[in-house]
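Written below as structure tokens is the structure these notes are about.
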Amino acid sequence: MILAAIAVLGFSGLPVFLFSLRSAMGQRLAAVCMVLGSVIGLAGIAASFYEAVVPTLCLPWFLPWGQFVITIDIISVLFLVPVFIIPVFGSIYGLRYWKQSEHLENGRRLVFFYGALAGSMALVVVARDAVLFLIAWEIMAIAAYFAATAEDDNPDVCRAGWVYLIATHIGTLCLIAMFALWLHATGSFALNSAQGISAGAAGTIFVLSLIGFGFKAGIMPLHVWLPGAHANAPSHVSAVMSAVMLKMGVYGLIRMTALLPVTAAWWGCVVLIAGAITGVAGIAFAISQNDIKRMLAYSSIENIGIIMIGLGLALLGRSQNQPEWILLGLGGSLLHVWNHSLFKSLLFFNAGAIIHASHTRNIDQMGGLAKQMPWSMALFVVGAVAICALPPLNGFASEWLIYSGLFHTLGLGDGPGFPVAAIAAVPLAIIGALAVACFVKIFGTVFLGTARCEPVNDAHDPSASMIVPMAAMAMGCVCIGLFPMIAASWLDSAVKLWVSLPEQTVSLTTVVRLGWITKMNLAFIVLVAIIAFALKKLVRTKVISEAGTWDCGYAQPVTRIQYTGSSFGQILVNLFAFILWPKIHFPAIRGLFPRVAHFKIIVPDTVLDRLVLPLFKTAGRNLPWLRVLQQGQTHLYVLYILVILIILLICGTIGV
Amino acid sequence: MTDTIIHIFLLLTLPPLLLGVINKTKALFAGRKGPPVLQLYYDIIKLMRKGMVLSRTTTWVFIAGPVVTLAAVVLAGMLIPIGQFDAPIAFAGDLIFFAYLFGLARFFTTAAALDTGSSFEGMGAAREVTFACLSEPALFFALLVLAKISGSLKLTTMLHSSTSAFSVAMAAPLVLVSIGLFIVLLTETCRIPVDDPNTHLELTMIHEVMVLDHSGPLFGIILYSAAMKLFVLGTVLLHIITPFQMNRMWLNWPLFIVEILGLAIVIGVVESVMARLRMRHIPYLLVSALLFCGFSFILLMRYYK
Amino acid sequence: MAYVMIFFPLVMAAIAAAVPSNRLRPWLLPVTAVVHFATTVFVLIRPDLMVTAKWLILDPPGRIVLLVVSTLFLFCSFYTVGYLQYRMERSNRVFCACLLGFLGIMSIVVWSHHLGLMWVAIEATTLCTAPLIYFNRTQHSIEATWKYLMVGSVGIALALLGTFFLAYASLQAGLESTLVFEDVLQDAALLSKPWLHAAFILLLVGYGTKMGLAPMHTWKPEVYGEVPGVVGAIFAGGVTSCAFLAIMRIYQICLAAGEYAYISRMLLFMGLFSMAVAGLFMVSQRDFKRMLAYSSIEHMGILVLGLGIGGPALFGTMLHIVTNGMTKGVLFLSAGNIHRAYGSKSTEIVCGAMRRLPLSGSLFLAGFLAITGSPPFGPFISEFAILNGAFSDGRFVTAGLFLLLLLVVFIGMGATVLKVVQGRAPKQVQNTPYRDGLLTAAPVVIFMGIVLLLGLYIPAPLSGMLNDAVRFLEGRP
Amino acid sequence: MTNLLNTILVTILVMNLFALGTSRILAVTRVVAAQGVLLGFIPLLVHKSLVMPVLLMAAAAISIKAILIPSIIVRALRDAQIKHEVKPLIGFLPSIILGAIATAFALLFAGQLPLAGNHYDTLLVPTAIATVLVGFIQLVTRYKAISQVIGYLILENGIFIFSMLLVEAMPLIVEMGVMLDLFVGIFVTCIIINHINQAFSSMDTRELVSLKE
């Protein structure tokens, strides 16, 4: 059965070999391969359930260490499902979005690396050997780099790609150090449970993995690559990166924490705090942007923050021996992994359609697309409601679990508590409110009202191959939203794999009643239907006239006076100025008839643009000073030799 | 069963009365006679009979706004206990559902406002979502406090036990929480000092400006759901500030009606004696609500330690 | 067998000097290389052929270096044929003869088990390679040659002095004075310590100059910047490996003498210092060939660092000789192609190599990823092995610095490489006739294939050789 | 015997200082040639018996060090028509002082070194070290390419002197020192043959700085 999954990996990387033409044939074949691969993979997953033992494949490998070990356990499965689903829809979407005939230069490269990205992610998830894992990990990182920098003639794309490459490399180096330490501590590269290792080693490995995987996942100070790379990548690549690749970081962290003995409470606290900061700052940055894809990218950071809050809670639960916290925290965060991959890919696909229609990424120049793109708009509403974690869609289900877990840390009844952790519910609430603000901003500015600039006449709903993937994602959101319990048993067994719970009687379904979510959501939908129906009955006989929007007595409104996205977010940007550090250009307006003035507000990424890049620039400016040492004068070169000789002799003599 | 029916009945019928009482109180304070207490019922019925004017720029979102809001508020109303009676629907974790229903309503209300393409309505929507970012955390702090005191995640249990567990030790946290929640209530229902429902200057409004373009039945729904929101949040607050109960169970119904009307009068008094804050000062008020609730949580933790 | 390997290239060099045709002469290179490679393979699978005389023994580290040099030369020789087709305007007599002679002399270095003989051979490589640097006959290439000779010969002189010191160390201890490697090794424990220490330092600095360790590296950027790509590949993969072999010899003697603690500090210092210098000089490097020189310095640093960590890291170090040699082949040859296509090596002019030369551009990029230690390429495995060695030895600070410097190098190198590869070429680029051809691209592809293979799969014979070398270095039977 | 040897060695030390102190390149060349002659005699003095290898070595050393290379240099100088090292990095007097310090250091330092029994009496080790250091000083402070070559010759003379310690034990190894000379000879000759001697010998290494960072 695992062979099936391996076959998938092969298939998904293979497409590029199947075409060499400029026609769309190659791309179609690639998409067919992706579908095929995904079907086989899903079949493999399904089959793996019927095996009594966890399916493992272990092959000897001719490297100095390590074996080719892959295992499909339930945690892997949970992450494999998005890997097999999202990229496939992305490739179908790409058929129209990134037509080979329109992108002669980079179309094939993109398709190839796209497939490689999908395949390597699957390998990451099943690898059970550190070396294999690292190899898969790096292939994934590099494939993502090439996929994201498809338009490498655009300097912005190159710059974003470069930042990404550096970030991912730092992450990889941390992971390399971590696995080296792992080898040192456990004596093997096999990723098997290492409960016996010392607390110090475990703590160091944990911190290294938090940094290493944090770079990939985009935990807040380490997120620097994320907005740029997502904004500049082709939309279906952004979707896969955001919806699936970021989760690989989460996966790594979950996998490593599953293997390590968790005894200290600070692990959970660190992750919890990191999650809270990531979430709040991520969504605050999202609101302050004007580029639709940057907003979505920052919102991905926010969602990673939510997932981290859940994971932190679970870690805390492990250190305090509280099965409920673990179940709710990890269960919620795993469910959110699924949910986020569904609604974020939906939104990125949608953003691609919007950009296709309006030829810009700046939402302040859009507006009124609802009339031209009704389907996209409807699907966007689904995605937006889901991502704001509002009932009745899926985002709510996972956040609900995490909230419940956080409330449990209060120590309800006589149970022991860790009330400080419960405070994390407050950032979560802020995240929720800010998310609503953010997505209302995008939704309102892009689809509603009227066009702010020259209306784009040829804007229209994209063709079926782009709509269908979105619709599929939306269906997923609705399904999980209404029936979260279908995932419950998977989550439950995943949690139990993550940590062996003291009482096997505890399970997710006994801790919380997911059924209530279904009931309430259905009740809500019925209620809306009733009210809508009643309203329809009511107005059937009435006069419904159309008029212009009331202009509040302002005689000649033009479309440009509509509230823009920037204005919409401005109060919030000011409120969060302590994180965002906006650059505001605000000319003083004096006199009765002031001249034309421009107000401008830019929110650069605080970490990247105010810390990292200046640091690099300073280094780049100052390091060349060292070059005076290499001035081309031979006698100086000889002098260096003499000097080092003397230094070494002296050091050798005095024994430094 | 009877209780549930009474609960639904009160939820559906009582809210407009509250606004009538508030307005009457304000009129009395101003030395006017004021509109009849039942004025809002008349308004809603009148609006329901009228036709609609829709803006050319709008889409279905414009209609969805009021509809979703009403549904959300009704459902939220089903989650809270009224007086000493249990809520019709109660399950562990319903408090989060309760809070997020308002988020859902906000999403659609603001989206509907933006749908008109009017800059004034956009302004209102921006303010609405902004202030919610501060009131939601306050609400959650309050919920944390209540959950800790009651040891439960059901709104029904939580609210009831805050009534029963009213000990001296709990007094300080509960007082702080109730102040915080009162501010949240004023914000969510758009009352003075956060928002002035009676103003007619679009630039300074929050809620009213968002619904400028709604007319006829849609506007009726909006008025109705706004009143119901006040009712729902007021009920939550009442559980904390009025820990009274009658010997006879059925007497608790009239007691509750008296209490909620009393709350309406208090709101009316507040509205009469205060001026609306400047827009840029509202965040300070909300942050103070957040701090009240937060301090209350910290106090409570000290107590349990 | 040693005589075949040594004298056949030398004879061919003489023939090359005699052949009049500029067009046919380069083909002597592949012929010789194939024969040499075949002999190498033959020797490697027949261990009984590894001893020719007392002075000429092929020991396990030697085998590895021989394999690297021979493989590198084999594919480079084909590349050279392709390259010289573009340089028909210039006589390649000296070029071909020197390359061939160089192959023969490198074989002596590898085979020699006499420290004096080895020194002579290494000195001879310096002489042989100087005309290769001077191939372009520009003012710049004179300068590069001059610097190479000057700095290199100071290094060689120091190495000679070190060799004398070593001999004196045995003399002073009252032993029979000898420079035959086996004998020195046998009596290592008895050698006079102060002289041994001094000899080690002198040899480290002397051969380190040849290898290009900082701060004796100064000739490297100037030379690598001016030589044809293929010569750079042979320098960076071959000459440096030979010099490293010399350092391994003295390392082994010191190890046998029980001086590990003394030398490891110095090796670690030199290794880290070289990496640091390389990394810092790479920052905002505009000349992509000079950048490759710094990358070579960095990898010499890694090799020495691996030696310094010793024990558990030796396997990685041995492997790194192989992976570094092969990857340098990829980088220098593809950089040579790019240079040829653009007629410039400044990143201000060279942009968009992926568009202009899809194959060479991609290979250059892949080579960059490989050399900076990204999985799944060979250098990752070797660097990871060295890192693991450092960890298992408890040298956490060293390991941390190692990783940090790898990062600095990655950033410095990446900025330049990506500038070369990505984007669009500026309009003013002159249109050179160069296109990727079979002879100039296929060797690079093969090198890349080897590098990738080594990252995924290390053939059992190779790992056997590596393990033998480690055992040999540690003095275990 | 030892006295004669030490006299020669002291002469060499003085010659070192003279080489540092003069600006006329021709004179420096002659000094180095004279050093070569003296060096050629040392093996005869050190080795107890006059065996064939030693004689050969002496002959080789004298012919290369004292005749071949100086004549090449002189020819190069004539072609390029340069006479003086105009302005070294540090002045001539400071160079001499530096050289003297190096010599004194060498004498002191050599006293500390553990030597084989019969080597304590001779000045071989200090002279060798001093000469190597002077060679370095010459290399580092001079700008003319030819001066640098001469500095290099002095350096290797120092190495050659050191090899005298080994002449009894390993007569052949000393030939390696001669090889080094051969090496320099070849490379200088190559440069001349390639008709770049004009460029080379007049070459001021300060002009050879176009390759740099």
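First chain written, first letter: the chains are A, B, C and D, and each begins at residue 1.
Operating definition for what follows: a residue touches a chain if its C-beta (ideal position, glycine included) is under 8 Å from a C-beta of that chain, and two chains touch if they have at least 3 such contacts.
Being a predicted model, the structure only gives us computed values, none of them experimental.
Trainee: What pair of chains has the most C-beta pairs in contact?
Mentor: Counting C-beta pairs in contact for each chain pair, the top pair is A-B.
Trainee: As a test of understanding: of all chains, whose mean C-alpha position lies farthest from that of subunit A?
Mentor: Taking each chain's C-alpha mean as its centre, the farthest from subunit A is D.
Trainee: State which chain is most central when centres are taken as means of Cα atoms.
Mentor: Ranked by how close its C-alpha centre lies to the overall one, first comes A.
Trainee: Just curious, how far off is subunit C from subunit B if you go by their C-alpha centres, in Å?
Mentor: Whole-Å distance between the two chain centres: 77.
Trainee: What's the distance between the Cα centroids of subunit C and subunit D, rounded to whole Å?
Mentor: Each chain's C-alpha centroid was found; their separation is 31 Å.
Trainee: Would you mind pulling out the distance in Å between where the CA atoms of subunit B average out and where those of subunit D do?
Mentor: 99
Trainee: Taking each chain's centre as the mean position of its Cα atoms, how many Å separate subunit A from subunit D?
Mentor: One centre to the other, that is 69 Å.
Trainee: Out of subunit C, which residues touch more than one other chain, so two or more?
Mentor: Subunit C, residues with two or more chain partners: 143, 146-147, 150, 154, 221-222, 281.
Trainee: If a residue has to touch 2 or more other chains to count, which residues of subunit A qualify?
Mentor: Subunit A, residues with two or more chain partners: 624, 627, 630, 632, 634, 636, 638.
Trainee: Counting only residues that touch at least two other chains, what does the list for subunit B look like?
Mentor: Answer for subunit B, listing residues that touch two or more other chains: there are none.
Trainee: If you go through all the chains, which pairs of them touch?
Mentor: Pairs flagged as touching, ordered by label: A-B, A-C, A-D, C-D.
Trainee: Help me check something: in the complex, which residues belonging to subunit C touch subunit D?
Mentor: Contacts found on subunit C: 116, 119-120, 123, 126-127, 130-131, 134, 139-140, 142-144, 146-147, 149-150, 153-154, 156-157, 160-161, 163-164, 167-168, 171-172, 174, 176-179, 192, 194-195, 221-222, 225-226, 281, 290.
Trainee: Within the complex, which stretch of subunit B touches subunit A?
Mentor: Interface residues on the subunit B side: 48, 50-59, 61, 63, 67-68, 70-72, 74-75, 89, 91-94, 96-97, 99-101, 103-104, 106-107, 110-111, 114-123, 125-127, 129-130, 132-137, 139-141, 143-144, 147-148, 151-153, 202, 212-213, 216-218, 221, 283, 294, 297, 301, 304.
Trainee: Show me the residue ranges of subunit D that touch subunit A in the complex, using the header's touch definition.
Mentor: 89, 136, 139-143, 148, 205-206, 208-213
Trainee: Give the list of subunit D residues in touch with subunit C in this complex.
Mentor: 113-116, 132, 139, 145, 148, 152, 155-156, 159, 162-163, 165-166, 169-170, 172-173, 176-177, 179-180, 183-184, 186-187, 190, 194, 196, 199-200, 203, 205, 208, 210-213
Trainee: Could you pull out which subunit A residues touch subunit D in their complex?
Mentor: Touch list, subunit A to subunit D: 624, 627, 630-636, 638-639, 642.
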